[in-house]
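Have a look at these structures, which come just after this line.
Paired with chain B in one complex and with chain C in the other, chain A is shared by the two complexes that follow.
Moving on to the complex of A and B:
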């Protein structure tokens, strides 16, 4: 077992002098002093730095978290962690956490209350609202979907259908399209591919450490990597070629790729004949989408489009168009059609269910704890209209439309809002609009830290225990990268809570007691977990020791076929459907066809405002992390990027302060003048612009794209259309 | 006796900063003190442009200028090649910061000691890898024993084309970089 040497550790502590009276686990210096003799405990758990939940070992010494390392088996980390993984672990000792339940007593004033008082007051107010306005007036919003298993019980009990996730700000077009066209979601088999085309997807920004490792392994083998993106993203550093594209026009690029594949007969005719329906409808709608047509729209040379299509076809089926994540899927008026075109390209390459192409996620069916469920209650239509008859019939009801909630509060349709692990005031459009949520009769936020939503809208803040302080139920390890063998892992409690915080289940149990729902929450997370792994023939003790267990392969290559030899995808035809019937039935085109972006920059001082994930931040959720923000500080991470030619025309030099303005806001920011960006846009990282005074590290640092973005709803999937916003930029701050 | 060295394939780096913070956690450093850094460069003009990132840290030179200028002998070189600082002897004069051509020293304001990468001296002797090496998803760094003909680093050094930073300064660094 490793030991710290006296020289390095004791000296560090001694040299610092004053040591306060804080408990040893809160004080870094005191910890160093005490570290000499303590043994190290290595506890496997799952990271919470983003939503990928990488496996990690957390090293604990003297009851204090020391450091983390990647779990060597876990598919997503494979022994490695990114910056946000390390930073998130350190955040357990962040001084700006909410340390006990809080009640709002004024505009910017809160007072600490006991958990019992919080449960009583929230319970009474909630049941009064349900009695007077019905369960439909209650909304549960969360990042999704870690709280769903408990939120569902509460919502069933009070008769509310309104479970809402953050997906509308992220990848809702993808999750809407793939089940309808393919019946499942497929992911790139990066490791075995010979040609990888990434469009609007920065694997080195939204990081799965082993995903990036797989891409580099493929490159070492000779695979080609092409990145199409308005910004030379970090992944493009590894690319054979970076091809800048006019933002918002990726759909035209895809349609032209399809045009080349079809007109030059490069597509997998056999695959399309056997496994695709709606090909003719697609072709009739898009036969004029030539590379020359696309060049005018996208600024990508027609010959380059031909070259990519030909090279991909030559490498097919070990070639794919990456199926994407946040980038493109909640960004534009044409995001849904873009996601549809992604399916079309991959199907034309005939790469689905093939090694080196696209593969389904490996997963195992988990058990479920047998427990009483609330009596069935009549639920009205969803208050946000998702999946209901009306304008949002095709929006997934399981995801909802979070950006409508402030409006629904304003209209008196939503009376109570529960917000779990979610911060729409900063990560949703138009923060001033979002603040309307405060006017509901009851607003409860369940966060870790003093995020903007809690500070500006919550009536009650119920602090959840940090991810290292709580246990969660086991999960299948999958998504975004592929692996033939399924893995099961879980988030273990590593240390006792530092503050007076509770797990979500404990919070729900406290609340349930006040509203007469105790018997539906009468279980422990340990009991749930044991029941979930029972069908796998393992115990939680085995999983606790290993952190992550791998099982024999479940993913089979080859197109899924029925016993009768017919294609058996979970789509109406069993085939890949180029035309979506549900879209057609609701007055939309079934096949993707060109739709222009909603807004375009025109004047000399106008730009499209685009954003992206910085490699060391998870959008805004890591913005109050001192370690990660120190990286931002070191590398001018808050600066807005501008193409050098545009900057020259506007008289802007590197480091200058400029004023960015839209109809909604006018903000000042410094500019990085760069060759690494398409001239039509300004790029800003999605991490900044904190405006909660109690989140002191993030407060007032940088700007956020949501400051400028109006509330909008894309009609098919309900996204926020996060890059349909034009800003003007001028030098100076007056 | 091992002679420790490092090979950095800077062309693989995508700038995530995991090396910086893994090191900070290992040594329990405050957020603003980092023992390694990334140098960013843009080469070319839009759209034909390259973004190059180079990780830089203490080069553990065999002829270390920081050691030569240290008036108290606080900076010393172990027989395994690792350059370290004896905090007890350091008077905080900062000559070493000025002398280092790589800007590898950073002043720890709490301790008033010009700190730097330690090549994880306490850990590598136990056979562990420095966390800047082991956490990197892109496998940018390889650490090992330059005396051991079978070490991964030696095999890579034998096959690849490498260079060192500022060779004209005569510092004889222990860190090699793979040519892009």
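Moving on to the complex of A and C:
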């Protein structure tokens, strides 16, 4: 007889009624033949290949994901998915996901643990930290706002104000500026425009399928598309004109456009008189910003600036300067002023709230589940200083300053860090600096995969279910592209989890039980969803069937006016404010005025390092996907781009390996030598440079701009200033 | 060929299956006490298996055993060889599948997993929590093999062996590539020999059954 003791294994199921009532296929091939006959179910849900959340249908057969296609109604996809959408689906069955809770047991060493053990240990540590150091020492960081509804309950319960997003690396200048100047955010009505000026936004790189569809429809109709970008990006391929600009000088270009519009009286005088305040202050500050002045700064010929301004004015109000996204709004010392100037140009064109110009997002007021809230606790000031008296008073507290967290850990001000759906070690500046986060007393990461942050800093990894394995609450479908009729969509659970993973709500419920907060999480996502759609006169069942529902138009054209006939934007004056009072009150200029980039390349081997998206990757988040990485390989997608004249001067040829170096790092990469890049810069895609050994496909492939970028904070909006870094480039790898 | 030759092979399958499950303290204690290795030796002898046997690494600590398991079969920090059938086979042969990985290897929940799940449900069997999400995990396959040996005619078990263990050479190759320790290489090598022998024996019995 064996001397060993075996662990309990296969057991008879409690309910075995099915036995005998269904055919049993012992032979694999016969089973598969029968399985082929199974029906296919089409489940509507939302994509997670990037943050656009395009509507999609996922076909399911025998409980497995079988096919993905775009939802025909959903505003973002309109029947089409991009490469990321199709590619990302494969990740559900990728064996490299985090398969169950993990606990760090050493450097690069983890052990699988049960959810119960994870909750218990994390709960005990968290409450000890709160008791000893206060709620203010706890930080919740995440990519966007998807986890906020649950994070807020936890933070309220422990008395922490520290909810922080990744937006400092993305569009934080835009979201800081627009509410203050316009009271809302407006978007280009691409489909109906006659002239579209895109500056620093690669709409075909950070692609929204129906967004590009609208741009191309406008072009077919005869609209003009002009792209101003240091690189001949994917959108430039579609453009009537590509104008390479010296990176970091877009503000000067905008100020010169405004100069032409004003001096040649091409602007919409009526619109400005009625709906703008601060025009004179703006003009007094910028009346010397002529096209000739801008030419020296931007390298865009003065005549070209005049031509663009005149053409836009001729087409106004069906002309707009695209309001931007990641590009420009977190990149430079002058990003905030650039975003302000964007508002100014569009207001001068008189295109706001007009068809073919800029329109607000269509949205509906959703309901809210009535549930108990934690008793109010005194919260101290935010630990990152966002929105607090001090150097970052104008930074939006709802966004926060994530790049400060490692420093705050180092200084002992942050003791516990929760990181949800976010990978600051790869997508934030200076990964070595970011690693300081692991020195906190408690670091919990809630990812899908073994991202760099989880691998290198987390004490506990709590894997969230893949987006096809979980349900989320309904959302308004809007942003980036315009539509007069609001839409509601939601993310459905398409298949059962492949691993021992949980939804964020389930994770929070498990943790809440350990810290005595169960009653504040005593609800289901289904209950939340029902409450949210209730005011719309629909049921979740209807939304479940359709995936996406459209409602009668809510967007009205024409400037918002009060009952008394006065402009009624959500700004102090009700008008578009060219001068921002809160900036002035904090020692900054109220109106945009020229500020030079923080750093400039000077020597023969110096370049500004710039970066951007590729249409088949969503920054780094998709880089462990073998299908998307196969596209990278096909198109030499990991290569850096370098201007051919500069390359010649340095003896560098197409395909050569070069060494890129800053004060922080020295890395090697192959280069594409091209005339399609401004000579001042070197461009690298933002998708690569993986350094989590567990993410095998991405590991060690290419380089990332964040390797070279120091931690810095733009003072008004708190951005990382992601392109304020100078690198040297030399041929060879030694 | 003797029917009683099957019994040590069956016991050996059960013994070896334990090595593919995450080690707990009890398993570790029994392992370092030598009980497991001795049992495996005895069963191998009874079954007349002559190939490579597992060897216990010297001074093996519980922590080291767990870390080697994680390195080899879960793969934190470096490439691994998960003991899961789907990964080593084309994901599906169903021509209607339109996902990009349909004809690729390296993915979970392939046709193999689907079939095993069907078998488990059909026979009213439940998996322990740790393996509930991995129906075609090697430990499950072995357990099911023993169940079939006890419950089904041998010809069905032969089919099952051929259907669900043909990936082991690829698995062993992967283990060798990642330089798995002698314990796991030896266990897998012995398992392959054990299953080969079992297949031959069962085929013999099956033909006798058919003739009679």
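By definition in this document, the second predicted complex is superposed on the first by the 699 of 734 C-alpha atoms of A that agree within 3 Å, B and C clash if a C-alpha of one lies under 4 Å from a C-alpha of the other, contacts with A are read in each partner's own complex, and residues count from 1 in each chain.
By our rule, a contact is a pair of C-beta atoms (placed from the backbone, for glycine too) under 8 Å apart; a residue touches a chain by one contact, two chains touch by 3 or more.
Predicted, not measured: the structure shown is a model, and the values here were computed from it.
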For A:301 in the superposed arrangement: first (chain B), second (chain C), both or neither?
neither
Now for A:87: first (chain B), second (chain C), both, or neither, which partner does it touch?
both
According to the stated criteria, A:112 is in contact with first (chain B), second (chain C), both, or neither; which is it?
second
Pick one for A:367: touches chain B only (first), chain C only (second), both, or neither.
neither
Who does A:694 touch here: chain B (first), chain C (second), both, or neither?
second
Partner chain in contact with A:79 - chain B first, chain C second, else both or neither:
first
So in the superposed three-chain picture, is A:627 touching just chain B, just chain C, both, or none of them (first/second/both/neither)?
both
Based on the superposed arrangement, let me know which partner A:643 touches: chain B (first), chain C (second), both, or neither?
first
Could you say whether A:635 touches chain B, chain C, both of them, or neither, answering first, second, both or neither?
first
Which residues form the common part of the chain A surface touched by chain B and by chain C?
2, 4-5, 7-8, 11-12, 16, 28, 31-32, 66-68, 86-87, 89-90, 626-627
Considering the complex alone, what residue numbers of chain A touch chain B?
2, 4-5, 7-8, 11-12, 15-16, 28, 31-32, 66-70, 79-83, 85-87, 89-90, 204, 207, 209-210, 212-213, 216, 232, 234-238, 242-244, 615-616, 626-631, 633-635, 643-645, 674-677, 679
Chain A touches which residues of chain C in the complex?
11, 14-15, 17-18, 21-22, 24, 26-27, 30, 35-36, 38-39, 43, 63, 66-67, 70, 74-79, 82, 84, 86-87, 91-101, 106-112, 114-115, 118-129, 132-133, 139-140, 143-144, 147, 152, 156, 159-160, 163-164
Report the residues of chain A in contact with chain C in the complex, numbered from low to high.
2-14, 16, 18-19, 22, 24-29, 31-32, 35-36, 40, 59, 61-68, 86-87, 89-90, 93-96, 99, 102, 105, 108-112, 450, 455, 497-500, 626-627, 693-694, 696
Residue numbers on chain B that touch chain A, as the complex places them:
12-18, 20-22, 24-28, 30-32, 34, 37-38, 40, 42, 44-47, 49-53, 86-88, 110-113, 118, 121-123, 126, 128, 131, 134-139
